[in-house]
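Take a look at these structures.
You will see chain A twice below: alongside chain B first, and alongside chain C after that.
This part shows the complex of A and B:
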């Protein structure tokens, strides 16, 4: 241990130096963005100053100020304040010339603020497009740090920023993309006691999270504060998108859009929730959904968000500059759910959704989700949605550690003194075939968990679908009785359930054959036995 | 089909997505002929269809991933001809020939 100390302290010191350099860099980037902003302000023709001063400075002082600045009477004749800065006409030109945006839409984007909760596969593309479009202020909420396995889909992060907090990494990217925007980073997970405070200063919320507890919390907070919500999710090859609480009317007002609880009054059983880590995700699939969230947000903002209490536009009440391409006010679209399925034809489908539910716990007149309930902590979202506890299905005698299993595969058995042989036992790998094909232990047999778990134990009557015993069961029955069966999986959960199922099916030959699982699965195998075994 | 004459059955399309297809032989779209009347002689509704799917179509043993307390479990949206079933009378909706009934598990990944 003593020998390794110097190297350990070197590592520590290097980590510290990197972290402090990164913090410094971040600070410099902010300073640069500020300076660029100021430089810009100085270089723009004085004519535009009158617009810049509107709001903060009383009119008469403004006039005086301008008079001082515009000594040159000749130039004064051209004095005209443009509502956008010169560079903004250029930057946003391609969307400005569209009637859907126009000058008014761009001004609305500029004065709007959007909160992106979750800076992953949805949040990254969503925030990128919003920053690109000129949303004035973007808040980013996420408690995670960037991991290598994020990079195929979380496009704001980069290889060099693995280990950095996601919000910090995203801020760096967004600042490079559009330095004129303001980006606020909230580097911890959203909780009921922080949600209201954070949401308060934003006009619109994007739910880019990955779990039901956050989805209920975000929806409840949006209803309480009267914020429209754009919610999306994705898994494997599919995605779903809904615009909720839009228009954002107070609870009990049936003209408001439905909330997440109207559509899903009860959370799904925790065991039925599959994460991207377990189920997989195709980058462009989640990307499409994030881009669509940005699109819906832009549509809502440029249309003009109505605050539930004020019912007036959040930004300029009346444009001071006559625009010829002003759009007639678009009524909000009826509630719908957009489904995307990359491998289906057609890939997009829109589903009509219900309006507000008259007994909704959140947005109805009888709502029980109140501001007090939320802030006092009496609403336990995690408990409401349930947690999957680690599987403890087997007894100690039905399990073997990876170290002991390694001894069975190679080397000399410390007790019997016999040389280990790989054919002394049967190793069943219950991961799905795709994963098995990625990497597996030599000599292992693949019987996917989905096949094991769908197998019925009881033979039913003479229903047409009873086609006898499943092939894998027959095969396993035929294995020599004296050879023990070891079952392994990715993390050590499915393997336990599979052992239980095999015993129910009588594959332990009434106790004569040992059937058990390898504790901790292939993850433990990599951690304690073979570091070269691929991690995915 | 053992139901016999075609006038006693209605042909419908049943779809599963969001991962539910895994409980139904990994097949998203099923063209089914279901009895026009349920066990008690009433017109077949969605509640009957759910029972029918469990008994006659589902190959998987994990029924709890589809039904809970005699109805589809929370987290599954039932869509009748591209509309939330809450707009159509939920499980009491009487099935018509040619209907498209879609069972959709909500996704949570992001």
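This part shows the complex of A and C:
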């Protein structure tokens, strides 16, 4: 509502324009630096350059350059004498001097392209470290805009860029961090019709998304196109990390790494999937997972992503690495699932995974996931993972609007016709206790939905005492019959299910007591009754 | 969560993510031995509803190694979980 005010939209538009100009300015600075750098080299005669090379550069380093250059098929760079730009030696110096990276690793980073799907809590730190490390091209896919509630963990975005698309905002940040990279923004959600086309122009994919359907789609597309995949996820205090389809062999090749379907062949039931918005997330928890994704990506790229087949022929290359005093490339690691549980001891557990599953729907010889199936839409990922339709569990007579409920609290009760009194009814808030403690309506009683939903309904005939009725049920039974019970929650879904459960438990006294829910929950309360009620 | 050593004759089961939310625990001990294929039934008995709501999509590991319990003819269905083993129930986490 507030955003539709003209002043708000002016602010939003100005912020957006400023950010765009900043990005443009950064780009111009980069172009200028590049041009100045080239002008400098043009002033030096080529003879003196090659003289320097012969006279001043040790033979083994020269050999290494030549080996690296010829390997990357970029002989034209030889004319510039140094394989990296001058500023790049400085910028990447701290990682360049590590044997795990070295010149060859840096050149591989520079010529590599990584697609980051999802620019949220995982994608932001992942993309930041990849851009910082000098990955040449980073693609960013996300259909969302920046919200204030993202900022505690989505470190590429900023307060000034709330309302801007996440991909635009991230591009501004990454350009400021490292203007040498190329950043491509895809400002819509990944879908089966777009996945193959987008993935095709990248060497490596990072799954930083937030839902099961995207995870299966991304994994399937990576298998079909032969791209390694670094997949991570996080919720509350826990995270998971896997390097999948690495090495990226064709479906049916048992030497290839397992895919997401090998590990999790069945999606979780849709109604059990919890988002960060509902379940919560600690910034550093998801941050750790995103940073680890960047680390795995760097390991894969510096090992030689462009030629995954060469990994098996390390021995052939060995003499060259020895003459250059360079460490032989690390062999690919066996597949593993890293579990992070921030409040556990130990916080990290690494699970050894199997190779590809012989009956995998995606990467085995019996694969049913094909390019045709993907592009034709016959693989319905949303259907596969299930849809949570809005809860419509109650009839009209079992529900009350927030406006009418407000009148019960402050005016005339539309149901009983009596004047409002604080003790005229019972209000049950079924949000979890921690949310209830954040903010609640005066006089409401907290019975968390998790407690309500796990309460068993006993068969008639068993007396409550015999089976040990839960305390909250006993307490509610004791409330006077004439007082209606209103149930409220955050959004108006759990409240309906709770009312259903209470009726099953006989808390409506066989219909003599009105038990119903407040439609739309506390969100509706804030939207239509009390704008001061906190939004979280 | 701590990693308690399982008492004699028992194995330790660790619950992650949704499994931990459902059981309201992070770990628990059970009497060994248990056939891997019977593990889910054992849990469903103790936590009614857990099979459909949580376990159907979970990965299971024994001593930090993934085991395949997918389908009736699962590769590791006959594996015996022994006393002292650390077994983990790992639901897929998809948010981020």
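Descriptive notes on the structure:
The rule we apply is simple: the second predicted complex is superposed on the first by the 420 of 536 C-alpha atoms of A that agree within 3 Å, B and C clash if a C-alpha of one lies under 4 Å from a C-alpha of the other, contacts with A are read in each partner's own complex, and residues count from 1 in each chain.
Here is the rule we go by: contacts are C-beta pairs under 8 Å (C-beta built on N, C-alpha and C of every residue); 3 or more make two chains touch, one makes a residue touch a chain.
Since the model is a prediction, treat every value here as computed from it, not as a measurement.
If you put the two complexes together on chain A, you find that chain B and chain C bump into each other. Of the two partner chains placed around the shared chain by superposition, chain B and chain C are both touched by A:208. Of the two partner chains, both chain B and chain C are touched by A:118.
Of the two partner chains placed by the overlay, only chain B lies in contact with A:455; chain C stays clear of it. Look at A:345: by the touch rule set out above, it reaches chain C but stays clear of chain B. Look at A:160: by the touch rule set out above, it reaches neither chain B nor chain C. Contact with neither chain B nor chain C is seen for A:377 once the two complexes are overlaid on the shared chain. Once the two complexes are overlaid on chain A, the chain A residues touched by chain B in the first and by chain C in the second are 118, 120-123, 208-212, 215, 232-236, 238-240, 263-269, 272-276, 279, 281, 286, 337, 339, 341, 344, 349-354, 357, 456. Chain A contributes residues 118, 120-123, 208-212, 215, 232-236, 238-240, 263-269, 272-276, 279, 281, 286, 337, 339, 341, 344, 349-354, 357, 450, 453-457, 464-465 to its touches with chain B in the complex. Remark: chain A residues 118, 120-123, 208-212, 215, 232-236, 238-240, 263-269, 272-276, 279, 281, 286, 289, 337, 339, 341, 343-346, 349-354, 357, 359, 456 touch chain C in the complex. On chain C, the positions that touch chain A within their shared complex are 1-3, 16-18, 21, 26, 48, 52-54, 56-57, 59, 61, 64-66, 68, 70-71, 88, 90-96.
Those residues of chain B lying in contact with chain A across their complex are 2, 17-19, 22-23, 28, 56, 59-62, 64-65, 68, 73-77, 79, 82-84, 86-87, 104-110.
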